[in-house]
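Inspection log for the structure reproduced underneath, given as structure tokens.
A, B and C are the chain letters, set down in written order, and residue numbers restart from 1 in every chain.
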Amino acid sequence: MLDALNKKLIEANNDPVAFDHDCREGICGSCGMFINGHPHGPVSAITTCHLSMRYFKDGETIWIEPWRAKPFPVIKDLIVDRSAFDKIQTAGGFISVNTGAAPEANSIPVKKKNADEAFDSSICIGCGACVAACKNASAMLFVSAKISQFALLPQGRVEAKDRVRAMVEKMDELGFGNCSNTGACEAECPKEIKLTNIARLNREYYKAY
Amino acid sequence: MNKILFSSVSKKFVMAVAGLFLLLFLPVHLIINFMLLKNDPAPFNSAAHFMASFPLIKIIEAILFGALLIHLSYGIWLQIQNWLARPVGYAGGNKSETSFFSKFMIWTGLSVLTFMVLHFFNFYFIKLGLVPGNPQDFYSVAHNLFKIPAYNYIYLVCFVLLGLHLFHAFSSGFQTLGLNHRIWTPVVKVFAWIYSIGIPAGFAIISLTLWLYR
Amino acid sequence: MEKLNSKIPDGPLSQKWIKFKASSKLVNPANKKKLEIIVVGTGLSGASAASALGELGYSVKNFCYQDSPRRAHSVAAQGGINAAKNYPNDGDSVYRLFHDMIKGGDYRAREANVYRAAEVSNQVIDHFAALGVPFARDYGGTLDTRSFGGVQVSRTFYAKGQTGQQCLLGCYSSLNRQIKKGNVKMFPRREMLDLVLINGKARGIITRNLITGEIERHGAHAVVLATGGYGTIYYLSTLAVSSNASAAWKAHKRGAFFANPGFIQIHPTCVPQLNEFQSKLTLMSESLRNDGRVWVPEVSGDKRPANDIPEEERDYFLERRYPAFGNLVPRDVASRAAKERCDAGYGVGETKLAVYLDFRDAIKNQGKKAIENKYGNLFEMYKTITGSDPYDEPMRIYPAGHYTMGGLWVDYELMTTIPGLYAIGEANFSDHGANRLGASSLMQAAGDGYFILPYTISNYLADQIRIPKILTDVPEFDETQKSAVERLNKLISIKGKQTASSFHKRLGKIMWDHVGMARNEKGLSKALELIKELQAEFWRDLNVPGSINELNQELEKAGRVADYFELAQLLITDALNRKESCGAHFREEFQTPDGEASRNDNEYAYVSVWEYAGEGNPYILHKEELKFEEVEMKVRSYK
């Protein structure tokens, strides 16, 4: 839809609207706009790129805005700077293992239940909809998804304490708001990441001290 | 050290612990208030006297005030941070689906605070001798107050708001503490319903009974 | 041949990599810090290479055009990642994986490289498991596998339908660890404009900051391109909208030879185009063909809804043409058959460019529940995109461009013909021959980055330790930057009427119609002419608003499309040259009487390696003869 708009704008010698997008299949997390009051639009569990025009009425005016949050400054039009998310991941979103140092893959058994739960947390695409939806612009859902993924796997337990401390500290430093358990993030997450992750993050954080 | 005490998660932890502690106080207060419905002022007054004089209660009272103060100041602090986290709002509004009452915690909280100030003037400050009144006979003080329609209106509105506050507070507190469980979390939610309707309803019944039937 | 030295170590196949590792030169840890390496791209190969090199202590600079390295298009791979672990005890081995890849690639890949890819595949799985990639597991806690792409063993590790995302996030996490340590410096939202050569060696790149428009210079002792494939040359493909070939193309024009550009895999089961504004096609896992039946109406132009067309008026064309394999014929065969039906006017849907994939019979026989368990998430995805429910009416599918086996030519050490310039992952040509097997792209990309390049690059860098930090205020950088800026200025100053995307769309249409699944000399020659005309029109009537010195997405698109015009011509030249049908490259003139691909091993058992000979000059063809010492060349047959 925005492609069509931009084609018209350019052909009429106007500046096109800048917006982030890439894979157009709901997995890269590039796209993200606030459409008619909802991140990724009013339809749940999909990203902007999957939001087809058939979800709207003919002639309906669609209200599109960029994400609004202090740690996500607007760069141009609908593009915001989400590098804050990368900074949080850099702070601790990894397991410290050098290439070549890994043990045989099956030498660390992982409970199927844990592996499946870790997967459900790990499918976060880092689009920022949770921050955009949250009335407090809190990044807790995003951070907790990564914390949960590693907390649930034996491989991740070794550094669990350092990880949660570092990531929460970075999140606070970047100016995200505080979680007040409103549940907007869960409701608007295109990948349906659950609030239980946030409870797990809280637990992990208390355990770390 | 600062990082531990003042990180977003820690602040929420303090907020939740203080809040959940405050939740313990309300049922006690309600039970004593039910004594107002008796025609005999003695049980209520002696209960009030007991609460005001027993040493252990004194200690709990101090903790309670501490918790209140912390809950209040942290609540405001967190809220200010939350507002700062989104300096520019959505022109088209944010219609994201949320648990409805959670959006107004600061306002329901502040309303309850306003009521508490009023309440202090009416009762607690009498006990402290800051305002005139007979601290030995809160029964009469209460009965007199409930004769004023305006007071009843304020009282009822405030308890509705308190109910809204409690409704989110209860399960939110558990979530913040990380007490999340496949079976128990739904139980907590049910309990939150019962508590957040039951407690304000109890207070409201007392108010309505005294106002309309006495 | 004279210019190509593939540097394959001597000795038996299974000993080559071991021998290389034992004899390659090393760099002293103290010197590594002083050596700078540029890695362009943050997909599975780029991020893994950057992090592995960072771990070794090199100073790495990593670039991507996205806002975050986590968004590279490896993220979209669905099915899985192969490894020769033999966990199911079904007879798999490194040799068997190698053999399947060589055969699947229709004997147009280099034996030594393929064997090595199979060899490191197990280490890749170990490493991903250690990085916390949540692969599917069995109840006992061990890793689960599934079979994929018609091979006889179960060797594909997976994380539901999001294996690519999970592997990429694993690489992203190891990259983050190195960024935190300061070994890797990340440069997001940068597009590589050109490669800088000093004394014939790759010594740096010119980039454009996509936010500010600033042109930047980056010097390094070696440059690694991990920039993926060029499938978006068809405009509509399963690739990300911004995926492009520009970095590889610029390197090619600077002297890196381009190998097998004509080998592009077309994936048969994609969600077809719904309207003209659509910019990409979404892949649906090919596992759907296990239970779905492909058909078109028997009467051309039948406008009835699918469910109203009675059984006897349906043409199950795959079952009709390939009675033995039916709906399970390989990707290239299925794609070609669907295209043939649509071209003949039997296509369905508004655009008439789709065929039905029907689950009615499967649901009737196995029950809705069984189908839901197998394909639930895919059905939901389809419904999200199209609004139609595959449980009630047949899916519509159509083939789309997917993966490019061709790419920059590299030797055994993954170095291109420019010293110090490496190409890894999909950007090189080396492992998939004329056709890629399912679940082997993630395997190759991560293997290249984590376990191969770190060894081979030290063999080169060991001789570079005396070269001081590459300074960027030298004439070579000046000149390259000047030409890059000139080109941007040229694009922006045309001020014509049409958008870059509209040219891209038209280019894509020509490519799809004539250089797609089935090619012939006439069509290819015609396409070449049409593209030259379109290219001239592009440089005459393009409209790029705005300026260079700002965020300008139209300028980015225009640059990529301009390069695609050039690459398209090379691609066609290659397709014209290869007078045989092999793998994804199907020349209609060269088929068996029953419509199967007819390979010509006597004349074409070589890699076509193309040298750029300057503006307007014909490309120079070099041939890397493929010697098969371990496997015997056979005909693939699906009848």
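Criterion: a contact is a pair of C-beta atoms (placed from the backbone, for glycine too) under 8 Å apart; a residue touches a chain by one contact, two chains touch by 3 or more.
As the structure is a computational prediction, the values presented were derived from the model and not from experiment.
> Return the chain label for which the distance between chain Cα mean and whole-protein Cα mean is smallest.
Closest chain centre to the overall C-alpha centroid: A.
> Looking at A-B and A-C, which pair shares more C-beta contacts?
A-C
> Taking the mean of the CA coordinates per chain, how far is chain B from chain C in Å?
62
> I'd like to verify one number: the distance from the centre of chain A to the centre of chain B, where each centre is the average of its C-alpha atoms, in whole angstrom.
Result: the chain centres lie 35 Å from each other.
> Could you work out how far the Cα centre of chain A sits from that of chain C, in whole Å?
Taking the mean C-alpha position of each chain, the two centres sit 27 Å apart.
> Along chain A, where are the residues that touch chain C in the complex?
Going by the criterion above, the answer is residues 1, 3-4, 6-7, 10-11, 13-16, 18, 20-30, 46, 50, 52, 54, 75-76, 79, 81-83, 85-86, 89-91, 93-106, 108-112, 115-116, 118-119, 122-123, 125-126, 149-150, 153, 155-156.
> Tell me, which parts of chain C touch chain A in their complex?
Against chain A, the touching part of chain C is residues 48, 51-52, 55, 66-73, 75-76, 85, 87, 123, 125-132, 134-143, 159-160, 162, 164-166, 169, 172-174, 176-177, 179-180, 186, 188, 211, 238, 240-242, 274, 277, 279-280, 282-283, 384-385, 387, 450-451, 454, 497-499, 501-502, 543, 545-546, 550-551, 553-554.
> Mind pulling up the chain B residues that touch chain A in the complex?
Listed in rising order, the residues of chain B that touch chain A are 3-4, 7-13, 78, 81-82, 84-99, 102-103, 105, 168, 171-172, 175-180.
> In the complex of these two chains, what residues of chain A are touching chain B?
34, 36-39, 42, 44, 63, 65, 68-71, 133-138, 140, 165, 168-169, 171-172, 175-184, 187-188, 195-196, 198-206, 209
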